[in-house]
Every structure is written in C-alpha cells, then in structure tokens.
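Letters are used for the chains, namely A, B, C and D, taken in the order the chains are written, and counting of residues starts over at 1 for each.
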Amino acid sequence: MKALLQRSDFRHLHPLRVRWAEVDPQGIVFNGNYLTYADVGITEYFRALGIAFPTDLARDGTDFFAVRTLLEYLAPARFDDEIAVGIRVSRLGRSSMTFSLGIWRGDSALTSGEIVYVLADPLSRSSRALPDWLRAKVRGFEVLPPAEQASQG
Amino acid sequence: MKALLQRSDFRHLHPLRVRWAEVDPQGIVFNGNYLTYADVGITEYFRALGIAFPTDLARDGTDFFAVRTLLEYLAPARFDDEIAVGIRVSRLGRSSMTFSLGIWRGDSALTSGEIVYVLADPLSRSSRALPDWLRAKVRGFEVLPPAEQASQG
Amino acid sequence: MKALLQRSDFRHLHPLRVRWAEVDPQGIVFNGNYLTYADVGITEYFRALGIAFPTDLARDGTDFFAVRTLLEYLAPARFDDEIAVGIRVSRLGRSSMTFSLGIWRGDSALTSGEIVYVLADPLSRSSRALPDWLRAKVRGFEVLPPAEQASQG
Amino acid sequence: MKALLQRSDFRHLHPLRVRWAEVDPQGIVFNGNYLTYADVGITEYFRALGIAFPTDLARDGTDFFAVRTLLEYLAPARFDDEIAVGIRVSRLGRSSMTFSLGIWRGDSALTSGEIVYVLADPLSRSSRALPDWLRAKVRGFEVLPPAEQASQG
C-alpha cells in the first residue's frame, strides 16, 4: 500500500457498532474480527453498486474467493465504538478485484488494509474474467486511475 | 434438566483448550462460544460412534438441525484453560436426539446443558425418523434408560 | 417459557443484518451466533433505558454474568436477512434479571429464548442486589406483572 | 514475503481440526478465521519456547499487540479437515516480532502469511524493547539469519 487513504477517499462507508463478543481480554477488538468487518463492508459496497452478492455472480456460475488480505492495525477499536468501514475498489484485474479498506472512528484511522478477491468457478476453482457489467458498475462508482483500468491480473 | 450430571456420567469427553479470540473483556469465555464447544463435542461424539457427520446423514438426504439449546453457566472458563466437553445422548425420539452437555476443568463443572437436534429434509425442513443404524449405534454406546429408549418425539 | 411472545410484545427491537461469517455450511446462521445477537440486543436494550453497559454497573463495582441461556430455533435466519432482535425483561429477582428474546424476520418468529443475568462482584463472583435505579428504569420501560415485580431470586 | 516456506521450514507445527462454526456457506473456512488459527499457533509457539503468554510479558508491564497481518489463501480448508499451523519467528526487531505462518493439510499448503507483533505498554501503547530473555529463547529455538538478528525495528 502506498499513501494512507483518507476517510474522504471512500465514497462508500458503512457504519457498525463493536459487539462485546468481538472484543478480547485486552479490551480491544480481536485482530481477526476486522476481516469480518471488511467482509460486511464489501457486501454493503456491492449493495451500493446495485449488485446482490453473491446471487448475481452465482447466476454466471461464479463466485468470489479471497486470495489475499492485508491489515494494518493503527489504533484499536473498543466495545461499543461506532466505527465506519470504508471500502473502495483500487484495482480491477482480469479476474481479480482489489479492495482498499479503511476503518474509522470519527476521523481517527483505526485499520487500513487491502483485500484481493478472485472470481472463479466454485467447483474447479479456475479463475474467470470479471464480467463487463461488474466492471461498468465499479467504474461508474469509483474514479479509478487509467493505468489501473487497463491493467490485467 | 434433573440432577446435575457428573463427569463420570460421560463416556465421551473431548479435550479443548480455550482460545484468546473466545474470551471477552470480562476475561471469561463469551457465553455463545460454549455452543461452539458443544458443536465440536457432538461432532467428536459422532466420530466416536463411527459416524461421519454430516456425510452419513446426507447420504439419506437428511441433516440435523438444532431446535433447542439450553446452557447453564456454573463457573467460567478462561484463556488457555484445558477443558473437557462431555456429550451423551439422553433421549432418542422419533426424529429428535437430545444431547446432555457437561464442560469440565478437571473435576470442576463449568457448564451444563442440553441440545436438541431434529433430523429433517434440508429443503422442506420436514422431520424424518432417525434411521435404525443411528439408533443402534447410540444404544450400543450409551446405556439409555428403558423409558427413553421407547419414547417418541 | 410459557406462551410464545408476539413481536408486538417487545417494546424494544433492534435491527441487524446477518453477516456472511455467521452462516454455516447449511446456509443458515450457526446456532451459537444467536447468542451474539441476543447480547447485542441486551446492550441496545440497556441503551434504550439510558444505561451505559457495563460502565454504569462497574461504577458500583459490579458486573452482569450470564448464568442461563435458552434458545428455541423456530426457523433459520440466512445470509443478508434483515432481522429484528426483541428484548424485554420478564422478571426482576433480587440479583437476577431475566430477559425474554424474540428474533424476527418481518412477522416470522425465527428464535425465541430466555437469558438470565446475575449481578455479581467480578472478583468474588458473589451476587449483589440489583440497584434501585436499575429496577426503576426497567419498570418505567416495561409493564411487568405485579407478581414478578415482587419476586425475589 | 519472499519464497514460500515449506512445511519442513517450521520447527513448530500445531494440529487443529476445522470446526463447523468456522466454515461459511461456500463450504470453506471464512477468511478471518485463519487469524484465529494463527493466534492459537502463536500461543502454542510461545508455550513450546517455555513462555507463558501473556503472563510472562504482563510481569514486565507489557503486552503484545498485532500491528500487521498478511494472509495469502492458497487453497481452502474445509469442515473437519485436520490441519497444521506452522509458526516461526522470521525477524526480531527492537520492539517487534515478525512471525511467518504456514497452514497445511498434509503436505498441501493452504495459507501462508505474516503477523507482526509489537511489544508495548498496554496503557500508553508506547513500544518497549523486547526483553533479552525473550530474544534468547527465540534464538535458541529458531535459526535466524544473522542480518535479522542484528536488525532494529
């Protein structure tokens, strides 16, 4: 990841409140639970784009699989905190989609990260090209840098 | 539940160690996580009976669904505790199986409970009679009271 | 539990959306995760009463501990379902509070249950009488049957 | 991460069996749950070194905090799989410890990753130098490259 994203870099932010069961004996959210937050954020991101996840992909006999997750823990979230989970697509590859993640409490950045999904056939697990309708919806929502728009991966 | 079961009442006990992510800010296992322990206990109970769960049931087009769970929290489990999850079948109904649960740290009872599963068709969710091979395996493993053996439910 | 509560029996209902990570290979919410929903519901119930949980109790050197949870699974919740978690106090004992739980998708009852908390000293784990301010807040919010209001437990 | 580690690169491997509650509707372990496996692996790694975690660190008024987690999902783990969680220390900084993670089913690599912990004061969250006894135990267990042994971070 390059420069840290700002809260205003995320067109899509989803509010969540930290649950008791997500907090560990240190009094902070257990590190793995931020991937649950990211997952909720991505589902809501798709909803904001008018995509029903995973139904719309299943119609083509495909599904997304996480292939890489990177989280940097900048400051902890605590019980009952109201946080915002920001998701944006930072790259569209041939079959992969890279999401940037930013979790905020007010203007304080708590977590930043990157999640890479690959579209694949659920049985063979061989990758499939992202459908054009999906690319169009993402590009209509995000302003992706031209180099990224053309990239293959 | 009637009289509290003793550790020796369980022919099947499965050892587990409490994970950090399962413990809440009170420093004790979050109450819902004991149902994960119970679930692991039941899977291991079936394995002890020579039943592959859920594969052996899926072969008949059936699956078990939890319909009732009762937990009584007698004393808390804490991080890194070595506990034993005792499972026994206390009742076989027509389509239901009632498991008694006892969680122990040494000889200290931490949790007792009861979990009721119903065998059903996964699509219609209509109940199905427990297959004879399952009844036979349970009866061969447990000494069920005669009244319970004959019961229907 | 006696007669099943109706959705309208709950003055307090908290909306939740089912997360992907909460759903198991059967395509339904794993049974233990309903206790996380119940816990969120109780936190929000306290908030509706103007009680900061657990801070307001910690001020007296006390905390609530779950001593009993009962869930009946009437119908499953699935991924992305919008559900409502109803919580009401059905009994105030000397040191215990009994919550009735009802989880709904629209007017369909998915789960009903009962959760018993006991107020205690976190170190000695000896029970403490519920403070009068807490009783007053609950009675101001709920219409508890007179017999229950007088009960000791 | 450079070249992928082999199973034999891990002196410490901890066996786990995948639980039902950890598996999502795709029939594979939810991505965030691998961080729970990593956490269990690190606890067991410390135990193998003769370190009681987090007690031995708390004695110095310090605790470890995750600051970065990277996971690459190579192949999925499924319900009831017996897996091995390999942990090794790949770098000792001034206040940070970098763990390499490898999760295996037999000889198949399922997940590889990297987890960075920083030792800090739990209240001020300012970093603290790793104690010498900890460095000595890690170096006695692992064969760290000389450059890494001297590094500061």
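The criterion applied here is as follows: contacts are C-beta pairs under 8 Å (C-beta built on N, C-alpha and C of every residue); 3 or more make two chains touch, one makes a residue touch a chain.
If you're wondering where the values come from, they're calculated on a predicted model, not measured in any experiment.
Asks: Counting only C-alpha atoms to place each centre, which chain is farthest from chain D?
Replies: It is C.
Asks: By the contact definition above, name the pair with the higher C-beta contact count: A-D or A-C.
Replies: A-D
Asks: Where the CA atoms of chain A average out and where those of chain D average out, how many Å apart are those spots?
Replies: Result: the chain centres lie 24 Å from each other.
Asks: Could you give the separation in Å between the centres of chain C and chain D, each centre being the mean of its C-alpha atoms?
Replies: 37
Asks: For chain A versus chain C, what separation do you get between their C-alpha means, in angstrom?
Replies: 32
Asks: Which positions in chain D are in touch with at least two other chains?
Replies: Residues 20-21, 30, 32-33, 36, 39 of chain D touch two or more partner chains.
Asks: Hey, which residues of chain D end up touching chain C in the complex?
Replies: 20-21, 23-25, 27, 30, 32-33, 79
Asks: Quick one: which bits of chain B touch chain C in the complex? Just the residue numbers, please.
Replies: 26, 28, 30-36, 38-39, 63, 65-73, 76, 122
Asks: Report the residues of chain B in contact with chain D in the complex, numbered from low to high.
Replies: The contact residues of chain B facing chain D are 19-21, 36, 39-40, 43, 80.
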